[in-house]
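As written, the chains take the letters A, B, C, D and E, and residue 1 is the first residue of each chain.
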């Protein structure tokens, strides 16, 4: 339980119009994920930083859903998949697949099955 | 699972006062929809960009409900209709019809019927 | 299903601290309502625009609840009264009465009665 | 059902980081409350305006919870205690006590008791 | 029930992109917590203010979840743990542990157990 050291790198993301601020170490917490590869430091990994468009405030633009990105980001921060009762786990699954956060995909698929059994009101698409 | 290429065009929409940022390829994902026609590139389709009022930050102004626009936008991004348990599918249906996203209209109509059977507390209008 | 023509007038409202942007034709959709009278164009109706305080960005200040104003605004846009499951229809009713949107008052009163029968946990005031 | 006259005084509050805009007459609607005493006009009441810190935009800073302040503010506007189904009335009660809105305290205490009987999942603190 | 005295120190936190404003006395309300140690005044305690990165507006950057931080902050303000029905107490527990607000950890652990018994739809991680 301590704050990131003062020299940690802060990154600002603009996900679909909503701004998130987080450290580079949070972004790269899941090894092998797209986020980890994109925001890895060149010096330690040899990976090249993939450039991306930024908004007027220098935030990296990502064309995804901010509501369902939030539990993904929370997982990267805490190592736990936690979301509120009203949030549709299908939305989180789409973001987990997109961002390559593979370690939570099986849990999300289980949760979706369980919700569909409980309440039969999910879309048919 | 990859970010849009750096040269994709970003569009900012101001839907009823809330700002959404997305790429031109997301906006035009549903062929034949009003959004696809409005934001199609002239060079590739021959369609003319329909001008619209913009706000002080250059965002295109759209006089619609931002809450119910969000699942529409999510559908354009992921190809799946996903929304949270508390959201009224009638609101999404209105936006789908307005924006001409015809492919999700039948699913939404089914969902609305199912909700009305489950809980008989929908408005009588 | 089409965008408002480019020459429609946009109005910015600041309802209790939250900004809403909408066209003059949406604001005046319910004939005879306070909003219609306030924002009617002088040339066509002869009514005088009632001045009101504006905030630093030129938005008209209205001392009301933004959460319950949203379904009112959605009604003016779509002609349908739609709100999410968790929203208290009593709050919408107060705004409908305040803004003089008389056509949805009976439906809201019905909805409130139905909710009170279903769950007996409404305040006693 | 009419807008506040143009010469009413608008006040901007920054409650825990969220901005609320309201008129002086709303703020002072509950006689004898802390808000009424703080924001009373000197000329009519003889009370002295208690100074408070303001943020960079001139909003009065209040170190309280904005979510639970909103139903309090709505009560001052409409004279009715209205809140959505998911909102915890214990949170509203804390703000009612803090701001001295005594007239809604008994109703809130009743609501809390009723909720605790219905669902036995309230914290034990 | 009174406002903080005018000379209290206001602190602005940027928790994961969301801004919270609160007084130094709220931040340090739980003795021995990380927040109390970080934001303690040197003169009275001898503790040294631990520097941290700030955003463009001078807010202290904290790489944590703003949604689950809010009930923590509310506890520091009121001395009571209060949260809405839809909020997942697991998320609050993570923040309580991170920020060292030990006094609410046992209550949160009880709440989580009770919720898991009630509805068997919590993630399996």
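In this text, a contact is a pair of C-beta atoms (placed from the backbone, for glycine too) under 8 Å apart; a residue touches a chain by one contact, two chains touch by 3 or more.
Keep in mind the model is a prediction, meaning the values are calculated, not measured.
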Lowest number of touching-chain links that must be crossed from subunit C to subunit D: 1
Between subunit B and subunit C, centroid-to-centroid distance (C-alpha), Å: 22
Subunit B and subunit D: spacing of chain centres that average the CA atoms, whole Å: 36
Set of subunit E residues in contact with two or more other chains: 85-86
Ordered ring members, subunit A first, subunit B second: A, B, C, D, E
For the subunit E and subunit D complex, residues of the former touching the latter: 1-4, 6, 8, 10, 12, 18-23, 26, 70, 73-74, 77-78, 80-86, 104, 107, 110-111, 114-115, 118
Residues of subunit B defined as touching subunit C within the complex: 14, 16-17, 34, 38, 50-53, 55, 61-65, 67-68, 85-88, 90-91, 94, 97-100, 119-121, 123-125
